[in-house]
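Common to both upcoming complexes is subunit A, partnered first by subunit B, then by subunit C.
Up next is the complex of A and B:
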């Protein structure tokens, strides 16, 4: 991927591409200092004013798609549309100040050469400025604002991604100066993926697997790991326990580059949320659009799909919730989905129903492995 | 003109005398003498203004239900002369007479023998307690002083004809704490007049109260003048509004409740009652943009009383509104214009805000100012955590702080806070339309496709797109 973005084949879409730089720890404080100096310059000028903070717009209106031409990877990126946070707008004053507070805290963290997780940052901010920060979600959003302002990756700010993801299966991972870890011997809990992207970058990987299987849900991952599915079908199992986080995507992306011959197959629920998760691994996201594009991978949809519905009983189909429909509408309106995915989505919406992977257990607890094996061997993925 | 009380009659006569003095271009003297031999008071109002014409007095109609005959017999004794007359005319006018012919009695004129002067003297006898009358007359003069009509010196003399035989005298001169030019405009006089009125506690003192107003800055005063065009329907009207805001640390003198403001009204250079137009104008002003909340505006006969929801402690607001028409002193009837009054008061408020930073900040600005310390603290935090000496010294330079190494966080924070608040206050003074968008932080980030609706993010924005879950 990185090779592609450095390649000489620049198409017009690259000019529109707005991205966050991955910077070294000393470079981000320099950017923050520039922000402060500019702010003070305008504040002390003969016609003083309080400047607004220009943020890259993280909305679908500012998102573009880069279609893979020579590769089969497409990704979502953000363009140069801005919105701003202003002190003077009555309802937005607090949000404005939140950006400054997070900048201040990141500055301090980087100067001290430390790293924190988003959770730790939330608690620090909660103690420091309880009037401004009330939830993790708010902190996460503000961090994205700072990313959009400074145009540097979240990791460059000293914020580590959460440790969500797990790996199991036929892969050996070795941190520098550490013993290699055999992920097939980790039991059903698997190897926990660190939130430290530098560390992930430095992992050396060896595998004899033939496939990489990305699993949506933790429970399914555990079942498959317990049943040693990777010994029946030489594979690597990966899960982010739900919506994919940057660290998991980062590692998956590394694997896809290190082992380009391994198809990456996704096992998700048959509902809009499942498809959304698959799409995020595949194309990236708008919310983290300034960075996520880097980790898009060519993930194929193994299951559950429309033609698998015959394998599960009628009663295991559940009606879609309003949130599912919202997600579906959003997916349909994005231009990046190809026709075969669109068709699946259309069927979901028409029937108004969805199904979870667990429905396969109706046929027996070992059915899942059989199902997986059969589909892989038949290359039944899109 | 109906007269409903003896006090009002006297005030009206004094008022006419004042107008006559005003019209004359020379220095005039106005004397009100009350000779009290209980139960009768002999009132004598004399002035050296232009001479009066009889119609003025004949227009006074006596209301039967108003003044009882026991209070006043209806007789006025008038002596008047104009500068061009060679006689002083003397009349007795009986306003209770039913037959008009028998009302006026001419008495022999007095020859002036080539002396050049003009003036009028009106005398009447009433049966009233002297104190009530005295109070009213004093109040009238105290209010008239606000107008600062130049060249009129008024005196009030009371001779008590009882056993003590006391004679006391009050002189009402438009004397100045700040001298005015003869050529000062009406509104300048009004400003000066209100200023003194407030400084002297409603002109009840002879000099300004030093305990309440020990420094000049305690009183902030401004004015606004609104004019309307002349048309066939109305004469050109002028509304002058003056607002005074005073702050005193401790009110040693008695003070009415700080949450109320008396709005004094003048019409055609005379104290007037409050019109409905004026009340409507006052209630329709958007006080919130000046940081004030109006609870009620009530007509209290000789002034309007505004009650505010809450004022900062020790802050007191006084207001005066003067409406007159351009063709003054010619008489003409007109309706008070609500829009003009509103405009005049708003001009005065804007003038006050313009001249004094931080005064009358709108509620919005006050709210934003409350966030300034936190913003300043964040920025100061960044500056002081930095290891980069060049950066820190550049910041000190921009903040006009000394370049020495020992600047504490508090100093930096305070300086930044000052600047932020000053910008907020300045912005608050600009009318909405002129407020520009704030400059963008990075020059080369000129937004290419600005959708104004999208431009400013609100509190809860984050995007509900499926692809935008933050992880």
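Up next is the complex of A and C:
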């Protein structure tokens, strides 16, 4: 994918592609300095003005799909439509200032050669500029604004990803100059995926697995790891404990490149949220659209799907909540889902019900492993 | 002033800690949760409680000696706890993640308070006869406000121990810091210029608790002393505005309600008293504790309708204030 974007033979859709560069620590302060200098230039010009900050628009209206013609992988990317943060808009002045404050903080962090998590950045901003920052969500959104302004990845700004994901199963991971970790011997808690993308990049990986299984929920991951499912079905288990974070997606992407013959299978709940999670691993997201496209993988939907509903009792189906319907509507309106996924989503919405993977336990606690094995052997994934 | 305040007991938790409870503070509400109560104890733990039922949300361990002081950042996201081992632990209230650990020489960490904006943490410096100021964004020691040595004494003389600093209070506009010493004197500093301004005399025994009245440009400081009295000072002048007596033991803690109407104190005489400023007398005495009351704290924000008290008897009490 990277090779395509650098090649001279760009298709039309590639020309529309707007992306964030992955920069070295000394390159980002230079970009910040350019922004400051431009701002000052306009401010001190003969016709002075407080310039707006142009940010790449992170809305669905600015999102495009790259269909996987040469590869099996399709992905969502953002194009060159801008929105702006302006000091001149009465209700949005604080948002404008927040972008500058985060840039300032990142500049300081980078020249000290440090890295922080989003949470640590929140504590610093809360104490340094209490008028402007009051919640973690605000900080996260402002960070994305800075990514959209400077067109560099969040990691380049010195902000580490969260440590959310876990790996278990038939894979050996080795950090440089460290002992190799055998993820099948890590117990039910697995190997914790670091938030430091450079570290993940430097991991050496060896495997004899035949499949990679991505699991939505932590509880299911633990269950499968405890039951050593990866010894019965030679596989690698991966989870982000819910909505996938960049570090987990990064590692999955590396695995898919290193072991291209291993199909990647997703085990999610039968509801719009589960499909949204699968979709993020598969295509990327709009929210982090400038970076997320890089880590799109050819993930296939193993379960739960419509035909699995016959395996679970009627009473384990639960009505979809308003939030689920909201997610479903935005999935339907995105152009990236293919027909077979759309059909599954349509059935969900029509019945107004969803089911969790745990419903399979109705047939016995060991049923989940049998279900998984049967589906894999029958190649029953879409 | 027509309104007369009254306290009514709401809830008590016996054996809230395994040992004496020495300190308490309220953590302001954040966007996602209401105010919480933090308590610190000789049992080396800090506990987080949710009112009004005083449900125990979390027990924080890690301090090596008794916890002498807890303080909450005005945003409600962060808090700090200090122990006799002179370590200050700064942590995220909801997750208990450690944000920073501040080290100081032995016996140089006592009471603490965040400034009203939350950019600085002031720590009463005990044997160092100073207030230490820590920047909250970088957690570096940015200033030390020292109490000047008495005139005529040489630097080698150990007269500093008389000025042992126990308590500290920020004025609501963040411009003044006051600290109370073992010898009863209160020192007032100009924060921006890092300059000692004056002593406030009156007490001759340790001043363990100080609080400014809550109006924004307030100059009124309440002080609680082992001499059994509560004094009201004007920090810009030298005169005492008033004194309130009634406790039969050391007054260990004083707090003022967010609307400035009521003052509450806790004492070694085991009582919590509510005072009327105009009458300079106690209008109510609560005697539910069976041992010294180390700390009293009004819930911040709005009507100030809750008061908490903690005691050597290991219990916490919550009162409704109306």
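Rule of thumb we're sticking to: the second predicted complex is superposed on the first by the 377 of 382 C-alpha atoms of A that agree within 3 Å, B and C clash if a C-alpha of one lies under 4 Å from a C-alpha of the other, contacts with A are read in each partner's own complex, and residues count from 1 in each chain.
Here, contacts are C-beta pairs under 8 Å (C-beta built on N, C-alpha and C of every residue); 3 or more make two chains touch, one makes a residue touch a chain.
Owing to the predicted nature of the structure, the values given are computational and were not obtained by experimental measurement.
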*Based on the superposed arrangement around subunit A, label subunit B with subunit C as either clash or fit.*
fit
*Return first, second, both or neither, reflecting whether A:82 touches subunit B, subunit C, both chains, or no partner chain.*
first
*Where does A:101 make contact in the superposed view: on subunit B (first), on subunit C (second), on both, or on neither?*
first
*asked:* Going by the contact rule stated at the top, is it subunit B or subunit C that touches a larger number of residues on subunit A?
replied: B
*Mind checking the angle subunit B, subunit A, subunit C on Cα centres after superposing, to the nearest 10 degrees?*
60
_Let me test your reading of the model: by the given contact rule, A:91 touches which partner, first (subunit B), second (subunit C), both or neither?_
first
_Touch test for A:134: subunit B only (first), subunit C only (second), both, or neither?_
second
*Answer with first, second, both or neither: which of subunit B and subunit C does A:126 touch in the superposed model?*
second
*subunit C versus subunit B - closest C-alpha approach in the superposed model, Å*: 14
_So subunit A touches subunit B in one structure and subunit C in the other; where do those two contact lists coincide?_
none
*Which positions of subunit A touch subunit B when the two form their complex?*
29-30, 32-33, 35-44, 48-55, 57-61, 63, 76, 80-97, 100-101, 103-104, 107-108, 111, 129, 131-132, 137, 140-141, 143-144, 149, 161-162, 164, 243-246, 272, 276, 279-280, 283-289, 326-327, 330-331, 334
*Quick one: which bits of subunit C touch subunit A in the complex? Just the residue numbers, please.*
30-32, 73-75, 77-78, 92, 97, 99, 117-119, 135-138
*Could you please specify the touching residues of subunit A with respect to subunit C in the complex?*
119-120, 122-128, 130, 134-135
*Any idea which subunit B residues touch subunit A in the complex?*
364, 367-368, 371, 374-375, 378-379, 381-383, 385-388, 391, 394-395, 398-400, 416, 419-420, 422-424, 426-427, 437-442, 445, 447-450, 454-459, 462-471
